[in-house]
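Shared between the two complexes below is subunit A, which has subunit B as its partner in the first and subunit C in the second.
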Partner chain A sequence: MEQNRRPKTILETCGEEIIRIVTPVSICMLLVVILVSVLNGGSSLDDGLSFATMATMAYSESSSDSIWDKIKGALLNSLVFVAVVTVATFLLVLLFYLNCTKFLKYYMGFSSLLVLGFMGGEIALFLIKVSNFPIDCFTFAVALYNFTVVGVVAVFISKMAIFVTQAYLVVIGMLVAYWFTLLPEWTTWGLLVAMSLYDLAAVLLPGGPLRLLVELAMARDEDIPALVYEARPVISDAGLGDGVVRRRVWREGRGDLDEDQRLRSDLVSDSSLRTYGESEREINIVDAEEGRALGRDSELAAPLIQHINIRMNSLENAVSGENLALEGIGLGSSGAIKLGLGDFIFYSVLVGRAAMYDFMTVYACYLAVIAGLGITLMLLAFYQKALPALPFSVLLGVLFYLLTRLLLETFVVQCSINLLMF
Partner chain B sequence: MDDDSRVPLSNLHAAGNLLPTTGEASSSTSRSVRTEWPTIDGPLGLSHEESLTYARRFFKLGFLCLPFLWAVSCFYFWPVLRNPRSQQSHPRLRRYLVGSAIGFFLFTTILSSWALTFAIGGERLFGHVWGELVMYNVAEKYGLAGWI
Partner chain C sequence: MTVAAGIGYTLLALGPSLSLFVAVISRKPFLTLTLLSSTLVWLMSLIALSAVWRAFLPFKTATWWPYSLLILTSVALQEALRLFLWRVNKRMEEMLDAYADRVSKPRLYITDKMQIALAGGMGHGVAHAVFFCISLLTPAFGPATYYVEKCSKIPFFLVSSIMALAFVTIHTFSMVIAFNGYSEGNKKDQYFAPVVHLAAGVFTLINLASGGCVVGIPLLYVMAIVTLVHCGNTVWRRLTDNRSMETNLQ
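Up next, the complex of A and B:
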């Protein structure tokens, strides 16, 4: 049995975990880019798109305004949006504090019903119209009904197949992100920057709502009822020399973003990566036989990304045989990174908006977002507490978008025209 | 052989790991056979008792015109479905799964035959009714796609 004991390299453990979070983010972005290029193909929707939503309540952009007016309008819209999100997050904290978890769960189910049913249906209708797909209304109704109900079940039930739950969360993120890309351009960019600043403040400041939420959940040792993407934990092989495996679990207190109604009533954007710091209840057990030190940390709940260190074989469990059996099975404390759905949505909005200009900006923004995510994950491993996931990625993404659009594009186009490169 | 007893760790949350107890104190290297998990998620999935509850619930809910739920149920409990030896170890679970699979295939056959007839037959077969039934016309008539 010695051949089973080949220790996993750091590439396999850490790399596997990072890949398991980067892959769904990339898939969501890819789907939004595909949707944007298929449905908006060619014509820009910036002209006169004045549908009244929460995000454009303060100022409805039209293409005839001057640049300064657009900037002012975008700022105003973003401020209003961030204010609404703050109020909604505080409301969520209050409800969580008053133990209304059932209500929050039902609300989550309801909003995923709205997103999957109505938004999914509308986008499917757009696709059908664009492609002239000859589907009849009965089949369409049955298919949509199935898709929606199974999605709500997957979000509701905590023990559904991991793949199904993850797939549905990615789809929900994609649908909401597509909706956001329909906003006017300047408003979208202003919104992105404002949300990342809000995220930074809400997670790191002592009075921030997301930080309060995380601390509450930590103190009570329970889950935040919210839409969170949890990566499948990397399970280490049995009998590895290093008996300590970190389990990173983070919950995002992110409420679901829906269309107007939801935005109006209850917006929680916990698009923050948070990691919780370790609590004081760290118990170290030294296994005399095997010479391994095992510790047990409490679970840290942090919205967005949490780093929860749970090690098996806790002291409290008196049955040592059981402990050793668990240790023997080796399913131990492998962690799972959790990323809030808000992060998925705003990353995809950024890349989708970049896709509305050209694919060059898409590549640049994708790289920027992934780089930002990588930096955040590194900081997560380093600081071991809840971290906001938006700031690095979104600010890098916006920077890269501007640089590409202003500088890189001219260069590449000129080179291509003169058959020099590319 | 399957181990039906599961002891959940009192301090595990979130990913809901339920691990079997083997009753042995030795390390896993002395066990060459892992206990069989009923779900496709393996150790991260459900225990055997919970699987029965879930499979029954999915089977019954699927009768609400939800073949996709039956398909998801078959996917979720795939290890039980594909292993013919589970007829002895999980008879009731397997019965629900086979029922779900049969229901899914039946429903899908009926639905897809209708959909294909509609799509391929087109106006030649249906006449002007085709134009009234096809989805993009229905959407335009009722203004369904204009909410965004």
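Up next, the complex of A and C:
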């Protein structure tokens, strides 16, 4: 048929990297919205629950306060939170500077254990209670244990199946985001705005902790140990046959530091690659593919620089755990886009909070967040350096939430009630 | 309205769009991005309109002329938006063609351009369905349902999802016709989309009368079918012209 004879246009593959980041972000937001509507349906948590967290240390909101008190309280809470996060990030920079990478990796594993095991277990218990699901505690304990252990291993080891790692990162983001939505309303919004301003400052200002971290990592050419979502890189049609080659290149790019270095230097000097227990044939395919990637003058070729930025996200709950999360957008060594888990979390918190009001705000905020993400990705492609991923999305999201809640809702309801549409 | 009924109403309004999305748009990531951006643009136009009209709503009078003014201004704004979208689309096609030349791949085919127009139109349609119909469903879950006095034979949600289906069709395919008209310079096609949109909006005014939806909604579907048929004819004509041009060149 004519269609098969014609060569494929760029419309087939253009924009694929963006979709590979937008899809997991959307899935995380969808899961948080579902959790919020199932678990918080009916009761409002603004007055009842006053649990002590880092975020409500300064001021515990109750629904009987006046608007002005609430605003002041929210501001105070946000300032305290941002201060704690700044201190924690500087601590992280110090540890990274002193080469305590092992400690950071173990800490990452420990924090994902806490999130998956305790928070995940608690939310699973809520869900079981709401849905009257018949399960005994032994089965539940075994299932939770297995789920948590696989998750911790997926975060620790980079040679896990990429889909499993990505799925677990999305689940961790969802759990932490749901926890954040339990905070009082004004505090949540204040926190979101404060965190996006902090992100802007920390990444772009010369003395900002995240910028220092990125420069350190670049100078040493190392991977920062933190929770980062990496989308699968886009490899254009090399005619070598699909899935296997694609996987190989990704794994080589994301492997150990030494492997990475050696691969690159070997490609440049054209000497034979050492095997790491992998077959010769596979590495030759990788060699050919990488060589082609370097030689080809294509937009899809990998920039061999890593830019990442980090923010540490501290959350004190009853179990007093701390989470290490990563925020910001960068380009991975194989050209894949990396998005920090903190971004996932805050986007989902925004949309989850919107879900507590009405679903119209959810749709509007979703579109705003995706638009902000798209703008950030375009700027990333343009400037080719580490960028904060929070400011555009969160500020657009907050703006659209306010506009929808105050203006759009009345308009649409009035038109629909009268069966007037356009 | 029970959850099952809610899912039914959603599928009624968005079912064809969902199948179109899965079959055509999800295959090419660029089309998904086009859909998301055009949904956002339609939402922004809706917010702009609500910013203007919020002060006057809800209307105290029962006469029809404030509503017709509302419809007129809304349709006018959205058609101006369509013109703006065409300019943006043309710019983007040029950028894509330049990029294709750089990576030595073929330029955009005519089917590609039509698919982009389809994705843009579907963005508008999905935005309409989501904001006018689906977002009203979720607060209403529970054992009872809601009826409007002017159209009291069927539940309100069913009426609004039927209307949303018609509008989704109109928005999706009139964008293809409009972009085709702008690129060919065909005046008839260029005026088709605004006229059909305005007619559809005016037909919904008939719903203001008591029992008016019995007349208004079938008229709305007439417009939807007219749009579908005209779009099919236009696309067929364009493709056969193109094919005969290609065979002439070869």
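Some points to look at:
In this section, the second predicted complex is superposed on the first by the 309 of 422 C-alpha atoms of A that agree within 3 Å, B and C clash if a C-alpha of one lies under 4 Å from a C-alpha of the other, contacts with A are read in each partner's own complex, and residues count from 1 in each chain.
We take it that contacts are C-beta pairs under 8 Å (C-beta built on N, C-alpha and C of every residue); 3 or more make two chains touch, one makes a residue touch a chain.
Please read all numbers here as calculations on a predicted model, not as lab measurements.
Once chain A of one complex is fitted onto chain A of the other, the partner contacts of A:Cys137 are limited to subunit B, with no touch recorded for subunit C. Which of subunit B and subunit C touches more residues of subunit A is settled by the count: it is B. Of the two partner chains, neither subunit B nor subunit C is touched by A:Leu395. Look at A:Glu230: by the touch rule set out above, it reaches subunit B but stays clear of subunit C.
By the touch criterion defined above, A:Val149 lies against subunit B but remains apart from subunit C after alignment on the C-alpha atoms of chain A. Touch criterion met: A:Phe126 reaches subunit B, while subunit C stays clear of it.
Shared-chain residue A:Leu367: touches subunit C; no touch with subunit B. When the two complexes are overlaid on their common chain A, residue A:Ile375 makes contact with neither subunit B nor subunit C. Overlaid on A, the two complexes show subunit B and subunit C touching the same residues of subunit A, namely 298-299.
By the touch criterion given at the top, residues 6-16, 18-19, 22, 37, 298-299, 358-360, 363-364, 367-368, 370-371, 374, 400, 403-404, 406-408, 410-422 of subunit A touch subunit C in their complex. Across the complex, subunit A is touched by residues 7, 9-17, 19-32, 34, 39-41, 43-46, 50, 54, 61, 64-69, 72, 75-76, 111, 114-115, 118-119, 122, 133-136, 138-139, 144-145, 147-148 of subunit B.
On subunit C, the positions that touch subunit A within their shared complex are 28-33, 36-37, 39-40, 43, 46-47, 49-51, 53-54, 57-59, 67, 70-71, 74-75, 78, 96, 99-100, 102-103, 105-109, 112, 115-116, 128, 130-136, 138-139, 148, 150-151, 156, 159-160, 163-164, 167, 197, 200-201, 204-205, 207-208, 213, 216. In the complex of the two chains, the subunit A residues touching subunit B come out as 1, 4-5, 51, 118-119, 121-122, 125-126, 128-129, 132-140, 142, 145-147, 149-150, 153-154, 158-164, 179, 182, 221-223, 230, 232-233, 235, 238-239, 247, 249, 251, 259, 296, 298-299, 308, 310, 312, 314, 316-317, 320-322, 324-331, 336, 338.
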